[in-house]
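In what follows, chain A forms one complex with chain B and a second complex with chain C.
Our next item is the complex of A and B:
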């Protein structure tokens, strides 16, 4: 037991080293505040993406509306905090909202699987987005909702350093919980369903339940990320959590190699880095091209296509292992 | 009663567009097992291509429309040959991301043309109305319905009575056996994407007189997913019929339910249908 623990700790340290290097480079290059702000965003995206990794990478199903579960978490957090609940205590509720959303979104397709999950989660996401915009007495509709700082017992995460610390701590906890879960019976059941559903069923795995659990766990992670995201952004509105966000999360999981949980963090780094890099590139372009409004969309699409074509298994490799 | 018939007609018309997009999605999905998330963008591209050729290059409308459909169909074939082929046999996620990225590029490309990005455009279709006794119907709706019926007839004839149509059906049923029977499966995949893209472009042309031509007109394709699912995901006639059904359901919901409920209807129906009729409303009997 202790040997396994120390092995785990060693692996964690080794996994953390490149991240330390990335962070130091970013601090030196981009300036403290900017780098820490981006680090906060990367960690939060990584938690949300972890939810997609569980559903897509581990259980082998499709989730096309994960952003809606992030939205549920964010709104749950914002509404609870506005009613005086301390932020850390509201986070479990945000995760629960995401988990409930995941269960509801996957329920209609639980016997069909595969592409049907894509369809039902997509429909659920569109319903949630519309509902958040329409239920104005609660969510203030399209006008959006302001969210206060992440505060607890007199302490407020106002500085970028505090925000980065909170989100990195949350990511570490989420990764740890995921690693434990994936090593358990549930994780094995998910991978069995992914690799061969018929064989899994023949081994006595309740495949419907296993798929549902993956969506619930994935939803909880995305909801948790939503709860944090609401604080960092400070203002949430339904259109932030649209289809593009869902696809960013899919992309994140894909880049990170959907089968490895640590990949989520690398995927998040790429996804967060793309928009600044695109605007950097845009400034270099001559004349009229730089002003064209569609350029960012065009380049973002091109990045997606290029990544999928060049590395169909994702950046961190999708071969064996979990 | 009159209002009811008028709402019904507009519901059927918009439903025809849903149905055509769903049809293009199912055609591609059946033939190549890949999920296309760019049908809406192809639809938008088709409408803009026709608009550009007509309004800026001065071609007659019919020629411009035909050229736009052919061009978008050709684009579908080229994309299949160069890019989409890589998604064959991969998990759905690869095709989903690939087509979403390509769709983004198309939207970005059109948005980069200043004249296109600015505002809504209108194709000079007949914008007047037709009065049958006390009943007043928009001519554009009748056009859409007529064109869809004609197109469905042509497609049915193509799939039933031509060797190519038969080969495409064989590919959809079982690509391996089709290959053993000497059918060029790869060429059939190209054909399926070309047909799917051209159908989306036609849907864009038909949508143009109803909603005008603008950058976000492709979002209508999101409603084609419920239509495809209601039709059972693998049935071409099912997709078309389900599209019309959705259009009518939406129009009636707009009439009977409170403001805003209309936008939920297709997606609630999708989830209800999956829950209650997992084989599609046709019971899985539908065949192309």
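Our next item is the complex of A and C:
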């Protein structure tokens, strides 16, 4: 037992080593606040991406509107905190809002399959964005909502170090919970549905329930990320959670590796950290090259193409595609 | 375990090292001042972001060529956030910590400004003249926040009042983008009409990026509007005017300063002839320009191989306000001294035809006024002075 435990701990340390190296490099090169600010966002995006990994990578469903679930979490958090609920206590509610949204979004899966269901998730995202913009008495509509610092019993996560610590702790908990879930009966049911839905049903798996559970878990994770995002960005408005954000989360999962939970973290690193790194490199370019508009987008696209070509199963997924 | 301990040690030491760096006057060295901007060079309002940046670059280059400000060169550090608050947060942190920006000028887009402003002012840096209609950019009074763009609400109230009073419209309507911009305009228009004992007959909205406005225009026509106020940007302005003319509806339309752009008549052609607009700064037409403006246009063309537009003038003007205030502040340049100097500055009208900008210790909004213009013979012509 203790041997197994120490093996597990060893694996965890090995998995954490590259991250520590990345953090140290970033601290040395970019300065504390910048690197920690980036770490905060990477961890927050990783939690949201974990939701996509569960739904898309594990349960094999198409989710084109995950940002709507992040939005539900963000708004739940912002509104509760504005009414005096301490931030850590509001986070479970944010996750619950995301989970509820996930359950709703998964309902069409009972009737629709494949791309058609994917379209319904897209529609769900549009409905949520529209509702947030229209329900002005609650959400202040398109004018947006300012969100205070992450505070609890007199302590405020004002510094980037505190923010990074909160996000990384939340990510660690989320990864742990996911790892346990994926190893459980639920995880096996999701993978069975992903690989062959008919065969899964023939084996006695309630495929509808399995899909809904995946959406609920994925929604809760994205909602949790939304709750944190609201504090770190400090201002939320419906347009921030549009389709671009949804596709960013999908890209994140595929770049990192949708079939492994570590994929979410690697994907988040690429999606969040690469554009600012490119802008740092761009500063070194001579003359008018540094002024060219859209250069960062172009380079970002090149990085993504390279990742997809060289690591088709994602950064965390090994060299070969599956 | 040893390896882990070494890692923890390295992490702790690098953290403490970074924290122990001295807090010198950020961004100001013996021979340089760093100015940051979080712009949109690739997102939905890149057509503003690029000329604004070029205008600022041009003014700073001129200041540097003339020996700098008290011997210091000005370096503009540009970050592209593409209207995305997440990128804005990272960009602001980079400019604050890595580039050590002394001040931020013309940060672009409300989500970008709202997400990055706390980081900037908490770091003790100046937050100057952002492209956002949000009141938080100048209210409540903050020692480091200054704004010089007239709020949509204020100048659209004045413009609507002037139009309705002078031209006797009975049925005013509104077509607006359903975001903070549209809402601000709506408030101004409603206030003007309420002051005249009237109200909006019809209002209809569209989502940013919409290209087909036929249902909205049909609805406005059904309401028999005689004035349609447009809270639109260039493309939607053209779409709304073209749609109305296509269905044979010759209604008068009035667009905010966001639609006051040469691109409006370049794209719209004959369809936008007669459109009214509000100008907070005139477009720099080469034809009929005064000699100073003509020389400026030539310099701009030579530098960027492009025609300047109203956004280039804005960028140039903002940079000019910065340079003049920095010069007036003196050799000892700190954010506090700069802010107190700016509070005492009055900028008179210049060869661009800009309004007079004036700040004070209890008002950090430099201008509240716009003036009316109309597209005649394929170009904007100013038809009133700045309206109160």
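Here is the rule we use: the second predicted complex is superposed on the first by the 273 of 322 C-alpha atoms of A that agree within 3 Å, B and C clash if a C-alpha of one lies under 4 Å from a C-alpha of the other, contacts with A are read in each partner's own complex, and residues count from 1 in each chain.
As a working rule, a contact is a pair of C-beta atoms (placed from the backbone, for glycine too) under 8 Å apart; a residue touches a chain by one contact, two chains touch by 3 or more.
Nothing here was measured: the structure is a model prediction, and the numbers come from that model.
> Which holds for A:296: it touches chain B only (first), chain C only (second), both, or neither?
both
> Who does A:146 touch here: chain B (first), chain C (second), both, or neither?
second
> A:62 in the overlay: touching chain B, chain C, both, or neither? Say first, second, both or neither.
Only chain B; A:62 stays clear of chain C.
> Examine A:280 and indicate which partner it touches, taking first as chain B and second as chain C; both and neither are also allowed.
Touch partner of A:280: chain C, not chain B.
> Touching A:20, do we find chain B (first), chain C (second), both, or neither?
In the superposed model, A:20 contacts chain C only, not chain B.
> So in the superposed three-chain picture, is A:183 touching just chain B, just chain C, both, or none of them (first/second/both/neither)?
It touches nothing on chain B or chain C.
> Quick one: is A:308 in contact with chain B, with chain C, with both, or with neither? Answer first, second, both or neither.
first
> Would you sort A:118 into first (chain B), second (chain C), both or neither based on which partner it touches?
First partner only.
> Quick check on my understanding: which residues of chain A belong to both its chain B contact set and its chain C contact set?
293-294, 296-297
> In the complex, go through chain A and note every residue touching chain B.
It comes out as residues 56, 60, 62, 64, 107-109, 111-112, 114-116, 118-120, 122-124, 126-127, 130-131, 134, 243, 247, 250-251, 254, 258, 289, 292-305, 308-309, 312.
> If we count contacts the way the header does, which residues on chain A are in touch with chain C in the complex?
Per the stated touch rule, the residues are 13, 17, 20, 23-24, 27-28, 30-34, 37-38, 41, 133, 141-144, 146, 160-161, 232-235, 237, 239-240, 244, 272, 275-276, 279-280, 283, 291, 293-294, 296-297.
> Can you list the residues on chain C that touch chain A in the complex?
Interface residues on the chain C side: 4, 7, 10-11, 14-15, 18-19, 41-42, 46, 49-50, 53, 57, 77-80, 82, 84-87, 89-91, 93-94, 96-98, 110-111, 114-115, 118, 136, 178-180, 182-183, 208.
> Tell me, which parts of chain B touch chain A in their complex?
Residue list for chain B touching chain A: 35, 83, 86, 90-94, 96-98, 100-114, 117, 222, 225-226, 229, 233, 260, 263-264, 266-268, 270-272, 274-275, 278.
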